[in-house]
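All chains are identified by letter, namely A, B and C, in their written order; residue positions are counted from 1 within each chain.
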Amino acid sequence: MKKQLSMLLAAGMAVSLLAGCGGTPSGTGSDSTATADTGASTAATGDATAITLWTYPIGSFGDSATVDSLIAKFNETHPEISVTVEYLDYTNGDDQVTAAIEAGTTPDIIMEGPERLVSNWGAKGKMLPLNDLWTDEAVADISATSENVVSACQWTDGNYYEYPLCMTTHTMAINKEMFEAAGALQYINEDGTWTTENFEKALQALKDSGVTTTAIVYCGGQGGDQGTRALVNNLYSGQFTNADHTAYTADSDANKKALQQLVDWANEGLITYDAAAQASDELQLFANGNVAMTLCWNASNQANYAESVTFTAMPVAFPSDDGVPELCGGIWGFGLFDNGDDAKAAASKEFIKFLCDDAQQGPESVRLTGFFPVRSSFGDVYAGTEDEARMAQFASFMQYLGDYYNVAPGWAEQRTAWWNMLQQIFSGVSVDDATATYQQSCTDAINGAA
Amino acid sequence: MASKTKAAAAGGETLTYNQGTFRNSALVRQQTLAAYLFLLPALIFFVLFVVVPMVMCLVTSFLDYRMGKPLTFVGFAQYIKMFQDPVFLKALQNTFILVIVAVPAVTAFSLWVGSVVYKMSSFKRSFYRCVFYLPVVTGTVAVAVVWKWMFNKYTGLINYVLNATGIIHENISWLGDARFALGCITLILFTTSIGQPIVLYIAALGNVDPSLIDAAEVDGASNLQVFWHIKWPQIMPTTLYILVITTINTFQCYALIQLLTSGGPNHATDTIMYYIYYQAFKLNDYGYGNAMGVVLAIIIAILSAIQFKFAGSSD
Amino acid sequence: MESSVKNKALTPGKVLTNIVLVLLAVFFIFPLYWIVTGSFKDRIAVNASPPVWFPTEPTLDNYIRLLENPALRWLGNTVFMAVVAMGLTCITAAMAGYVLAKKRFPGRTLIFSIMICAMALPKQVILIPLLKEMSFLHLHDSLWAVIFPTVGWPFGIFLMKQFSETIPGEMIEAARIDGAGEVRTFTDVVLPMVTPGIGALAIFTFINSWNDYFLQLIMLNSSENLTISLGIAKIQAEMSNDFGLIMAGAALAAIPIIAVFLAFQKYFTQGIAMGAVKG
């Protein structure tokens, strides 16, 4: 009997180890797990609510020192709410959110744009409606900047799943010295716009002056794909989706003409493509002075690369046949995951209001992102700062803000199909066939989502 | 030895138990209880964290199971959809190419290295063993990032060397060119796969009875004949083990793809494992992903069975 | 053995073989060399063309920037995870392997067959169900969520069963006749016989657990719980072309495990070889 007892003991140890760990996740566990169960009690007592915030790297919101000081400021007025932050990246962040959703360990607040907050997680019923944050005043103030922002944050069920903080237009940038040396600067208008015709002339001039890599159509993944989308759409004034965002239109005549144009330019050696590069790779090459322009520029990128760039990175619009570009917008803000805890939701909303609506903190939060406010009442948040002149050149592009089509259904599938389509056309598949494949994938995705 | 491995794999009877211990049913009961108590800790982990999710995976492969959608039973619909999905078929094709190239290459190459190295001095032997094992211990992520850098079109070492030696005249986007990408992945996979087989072959060849070899050499057998008639049959179990492990690992090649190419260019490096990941984590279609996982598991099981069968019949 | 090699004349074939072997060795060492040297290069040297073969002006800047991240914490997490997974696997697998090899009881064949089938299953497939389970057990985002599935993986049991097969049945019988109970038979007779196997399994589990990038990615998300593999992947995602920094991270991830491997390689190679060869 003794031996059986001791064996039982051994087995029991293994079991208790399991159970022990199950009972005390805090040993190595995270705040999100540990706090998930305590919601009800905090709601009752009313004091000390712990909330979590996950941010994608949007300007300085990816930087812990900055965010910590911001939380410290918030705690001056709201000492009862403690905020824990985790920083996601764009490569693995979506997987981690997916895992958290399936595991029920989502954060309270998440910072990103409508294509994730609204048309992905919001549409799947994972987010809390933020309709009470969208007061009449907020709607009016934000509409005054752009109606597109308001509609992008609202899902088709009428609920708002994002409360926006900032926005921008995505542009291109050129290496000004390289353009000057090649005599190509003349093809760009004073205001940074240019026509497709002049764009081609500039490419030719760069090539003639010995620049080996003028521009790279990167298509190694979805990172920074707004750049390639904007390039294709603008060249011959195509649209990415139809007006009510129910279908993708890569196979329109204008878009097909543009895609064919890119292939022709690549064949003539005027541009190159790289199916192993994403925008981040292309940006680094631009910053190193290896390529004459980047398709993925905005105020925040300029600030990030300011140190390492030894030339003048001049923002320019995407070239279009009529010289009037339609630039892709980026909108960033906050959403709440539906974790079924009213106290935390209320605390989270306080935090969002502090970040976005507070008369002092609001403009400061916007400055941290490196973008522009969605609230027109904030005015020029960079006035009087050292960034005033730098931001002004980007502000002038805001008038070209195009349709915010990122909320169309099947968006995630579309993004993969898009870079695959570019890879296809550059590897010799005809534009007709490649766009047909792309359209088919999108149609399947839209039907699947319905 | 070979028959033992074969039987073990089939879960067969390879016991060396002693009849004397089964004298009466009380003893049998006691033995059974003792056995299960010894098994219990392992079984707890195995059942909880492998069997239960495995069953859940099988069940959900028959369900429409997408994030934010109600669960509905769809029968074999996702299995049928799979074989009409061009990307899945392409991924299946790529996976098979990878297996067909990598598995024989790994086995043959490690056998060659093993048979050269096992005769060396013990210092040299451990040196080469470590060298070829390095990529395994370095870790997939570290290996992937350094290769990504070396393959870089603009600042990568490989383009520089090939340019400098005049082999190429224009930089190649190795991972971005459908002609090369799968080859590059295969190469990296190869370097991370041969460590263990080499260790195994060195040991197996060292265990071949030297008196047999001497006898054959006295009889005037050539090196090739000695290898083929004496060593080869004796290292057969090792070969078999290497084949099975390498096949399974190659089928499950995923991290390299995710870190290096995301399946591109134009699906040239999509593997089933990567496509499963894409469906589950990018599109949140878990049911479809799980159905593909079940198919992959069946393929691997069938191939392993064939390998065992083949090895068994060649004894 | 050595002398017999030396006694034979150097044939052209042998010279060629050795040259090829040395070249291959260089090829296999090179990525690691490139990681380590790359981690000491400054931004200019890293991107230089022609490449800087050896950093003549080594800089610690990459490591300083790496340590601005909680890299040591990540390293500590990884060590904890790998060591615990290793310990639990060795204990449970040694016990289970022994009875599966040496005892006959109802259900034995069934259990072993299920384990063999499970080994053919792609691990990634069970991740979503596993996530649900971990969440149910309140283990998601803790290192246990990575440790337990590693321990559950039946490879260790399979390996230890192969080892235990080599124990002569008479020895177990003799111990029993001497009056040793089940536990003592196991600890005094079986364990010493399978020690090389446990050594092999230990290193094997350690390496696998250290490198199981995707399981870690899915199960962990707080930056304080990250492992070093996830850390480098994160740095790579954020600083795509800052190769110096990425290489510093890769070096930090690779060097400890290589050190462990070199220190214990004797046991490892012995053990793994015995297990598979004897099996």
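The definition used in the following text is that contacts are C-beta pairs under 8 Å (C-beta built on N, C-alpha and C of every residue); 3 or more make two chains touch, one makes a residue touch a chain.
From a predicted model like this one, the values you see are computed outputs, not experimental measurements.
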> Based on which chains are in contact, what kind of graph results: line, ring, star, complete or other?
Replying inline: complete
>> Quick check for the class: compute each chain's Cα centroid; which one is farthest from the centroid of chain C?
In response: A
> Hey, how far is the Cα centre of chain A from the one of chain C, in Å?
Replying inline: 37
>> For chain B versus chain C, what separation do you get between their C-alpha means, in angstrom?
In response: 15
> If you look at chain A, which of its residues touch at least two other chains?
Replying inline: 3-4, 7, 10, 14, 18, 95, 99, 102, 285
>> Using the touch definition from the top, which residues of chain B touch two or more other chains?
In response: 34, 38, 41, 48
> What are the residues of chain C that contact at least two other chains?
Replying inline: 47, 88, 91-92, 95, 128, 132, 148, 182, 233, 236
> Touching chain B in the complex: which residues of chain A?
Replying inline: 3-4, 7-8, 10-11, 14-15, 18, 94-95, 98-99, 101-102, 123-126, 213, 219-221, 274-277, 285, 290, 412-413, 416, 419-420, 423-424, 427, 429
>> Please output the residues of chain B touching chain A within their complex, sorted ascending.
In response: 33-34, 37-38, 40-41, 44, 48, 67-69, 151, 153-154, 173-178, 181, 261-262, 264-267, 278, 281-284
> Residues of chain C touching chain B in their complex?
Replying inline: 1-2, 5, 17, 21, 24-25, 27-29, 31-32, 34-35, 38, 46-47, 49-51, 88, 91-93, 95-96, 98-106, 108-130, 132-133, 148-149, 151-154, 157, 161-162, 165, 168-169, 172-173, 176, 182, 186, 207, 210-211, 213-214, 229, 232-233, 236, 243, 246-247, 250-251, 253-254, 257-258, 261-262, 265-266, 268-270, 272-274, 276-279
>> Touching residues of chain B toward chain C in the complex: what are they?
In response: 1, 4-5, 8-18, 20-22, 28, 31-32, 34-36, 38-39, 41-43, 45-54, 56-57, 60, 113, 116-117, 119-121, 126, 128-143, 145-147, 149-150, 155, 157, 160, 164, 191, 196, 199-200, 202-204, 207, 237-238, 241, 248, 251-252, 254-255, 258-259, 273, 276-277, 280, 286, 289-290, 293-294, 296-297, 300-301, 304
> Which residues of chain A touch chain C in their complex?
Replying inline: 2-4, 6-7, 10, 14, 17-18, 21-22, 25, 27-33, 36-37, 57, 62, 86-87, 89-92, 95-96, 99-100, 102-105, 278, 280-281, 284-285, 288, 308
